[in-house]
Amino acid sequence: MNSTPTIAEWLVSYGNQAFEVVGVLAFALSGLIEAARKKLDLVGMAMVTALAAFGGGTLRDLLLNRRPFFWVENEFWLWAILGLCALALFFMRARHIELTERATQWPDALGLGIFAAGGTQIALDANMSPLIAVLMGVITAVFGGVLRDVVVNEIPRAFNDHQPYAVVAFAGGWVVVAANALNWSSFLAVGIGSLAIVSVRLAAMIFGWRLPTWRV
Amino acid sequence: MNSTPTIAEWLVSYGNQAFEVVGVLAFALSGLIEAARKKLDLVGMAMVTALAAFGGGTLRDLLLNRRPFFWVENEFWLWAILGLCALALFFMRARHIELTERATQWPDALGLGIFAAGGTQIALDANMSPLIAVLMGVITAVFGGVLRDVVVNEIPRAFNDHQPYAVVAFAGGWVVVAANALNWSSFLAVGIGSLAIVSVRLAAMIFGWRLPTWRV
Amino acid sequence: MNSTPTIAEWLVSYGNQAFEVVGVLAFALSGLIEAARKKLDLVGMAMVTALAAFGGGTLRDLLLNRRPFFWVENEFWLWAILGLCALALFFMRARHIELTERATQWPDALGLGIFAAGGTQIALDANMSPLIAVLMGVITAVFGGVLRDVVVNEIPRAFNDHQPYAVVAFAGGWVVVAANALNWSSFLAVGIGSLAIVSVRLAAMIFGWRLPTWRV
C-alpha cells in the first residue's frame, strides 16, 4: 500500500533517523580517535572509522543475508566519513589534542544502546528467534569495535577490559524482545531498549562496575 | 516426501548429531582454553569460544551462501556456549589449573576430523567441485581456530607451527570425495573421512611428525 | 543468445583474462613473500598467498552478494596457488634470497590497478552507484593485502605507511566511472582505469610521494 504517511509515521521515521545519526557518529568517532592514537595515515583513518561505524551492522546484514547494506542505501554516510577524514587532516597538524580512551566512552555508550536495540529489532523483523535476535543486536553493537581493534592489532577491548559493555547490550536486547512480545511499535521498542542500555552503561562507567575477573 | 523415518535413517541422523556434538564441544573447548590463557573477561571468553566453535562453519556457509547457519538452526548450541561460560566463571576463581597447549590438542584432533569431513560433504551436496569441496572442509575445520587466534592477537597456530594439521584435513577431504564417487552414503563418507583424519592427526601428534621447515 | 563470438569479443575476453592473470599473480606473490618473511609453514604460506590473491575480490563478492566466487569459477587458480606453494618448498631450503619489501611493490602496483579498475567495473555492472562502485574497487584492490597483514599480526601496511596506495585506487576508480558514463566498453574502461592507477602508483613510488603525516 502506498499512501501518504500520517504525522505519527513521519515522526517515527524521523526519530529512527535521529537514532541512526547519533549511533553512527558515536562509533565513527571512536574509530577516528583510535586511528589517531595509532598514528595511522589518511587511508587508515578512513578505513578504521568506517569499520567502527559500519562494521557491526554490515556483519549482521551478512549473517542475516540482508541487502542493500545500510551504507549502500544511505550513501550520505560514506561522504560523511570521507568528509570527517578530510577534516581530520587539519587536526593532524595540531599538537596537544588529548585523545584519552575515556573521552571515547561517552559517545560510545550512546552508540552501544542504539545499535544493540536497533540490531535486535531488525533481526526480530527478519523472523529470528529471541536469542538469535539479541545476539545479532550484540554483534551489531560490538563487532564494529572488535574489527576496529583487530585491524589496529589490539585484543578487542570488549573482550578483555572486564567492563560491562557487551553484557549490557545483551541484557538490553531482551527489553526489545519483551516490548515486541507486548506488541509495542518497533520505534518504541528500540527507544526503550536503547534508553535502558545507555542508562546501565553510563551507570557502569560512573560507578566503575566490573565483570568478575581472574584471580591474579 | 514426508514419511516416518526407518530405523536406519534414525540411526544415521542420530550418528550425525553425535558427530556434531563432539566436534563443536572440542573446538569450543579449544576456544575457552585459549581465552583463559589470555585472561580475557567473560564476554571475551564467550566470543572466542563461539568463534572457535562456529567460526569455521559460519565462514563456509557464508561462502556457499547457505542459510540458516548451524547455530541459528540449532539454537541449543548457543545456550550451551553461554552455560559453558557461566560455568567457567567458577573455574576463573580456581588457582592452579594447568591449561597447557598440549591439553587442547586431543579434543582438537577430533574436531578437526569431524568438521573437515562434514564440511567437505556439505560442499559436495551443494554441487561444488571436488577441490572446492575439500577446501571448504579445510576452511570449516581450520578457520574457527584461525579466527580464535587472530582475535586474541596471535599469528594463527595452524599457519606457523609446522605441524601436519590443515594438510591432514586436506588429505582426508579427498577420502570423503572418493567415498561419494563410490556412491557411499554421506553418513559413511563423513564417518570414514573423519576416522582417517583423526587417526593421521593423532599419529602426527604422537610421533611428532613435522612439515618441512625453513632452514635457519 | 548463444552465438559464436566475433573476433573483437574474443580479444576482449582474452584481454580480460590477461588482466586477471597479472593481477592475481602479483598479489599472490606479495602474499607468498610476506609469508616467507614471517617464516610461516607450508599451510600458512598457502593460506596467506590465497588470502592476498583472492581476499579482496571475495570480500567484494560477499558484499555484492555475487556467486560463484572468482576462485570457484576459475578453479585453475587454486591449483596454481597450491603449485606455487609446492614450488616454494624448494626455495624454503635455499639461503640468501633477499625478500625485501621494495621487491613486492612492483608487481603490487600492477595488481592494484587491475583489481581496483576491475572491481569498480564489476560493481557498476551490478548497478551500484558511482561512489559505492569506486569503494568496491578499493576494497577489491586493498583488502587482500589488509587480510594478509591482519593474519600475520601486522597493522595493515595500506593503513599506516603514509604512501599513496588506496587513494590512487580511489582516484582511478573515478576514471572507470567516467569511462562508463561516456558509454565506453567495459574492457576499455578497465584498461584505461588500470593504466591510470598503475602509472600514478609507479610515479608515487619513484618520486617518493607521501600522504600528509602526523606532526611528530
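Some observations on this one:
Letters A, B and C mark the chains as written, and numbering starts fresh at 1 in each.
Throughout what follows, a residue touches a chain if its C-beta (ideal position, glycine included) is under 8 Å from a C-beta of that chain, and two chains touch if they have at least 3 such contacts.
Computed from a predicted model, the values in this text were never measured in an experiment.
Judged by shared residue numbers over all numbers used at their interface, chain A and chain B contact each other through mostly different positions, with under half in common.
Superposing the C-alpha atoms of chain A onto those of chain C requires a rotation of 120 degrees, given to the nearest 5. Rounded to a whole number, the gap between the C-alpha centres of chain A and chain B is 31 angstrom.
Residues of chain B in contact with at least two other chains: 62, 65, 150, 153. Touching chain A in their complex are the following residues of chain B: 35, 38-44, 47-48, 58, 62, 65, 67, 69, 72, 75, 78-79, 89, 92-95, 150-153. Within the complex formed with chain C, the residues of chain B that make contact are 62-63, 65, 128-129, 131-132, 135, 146, 150, 153-156, 158-163, 165-167, 211-215.
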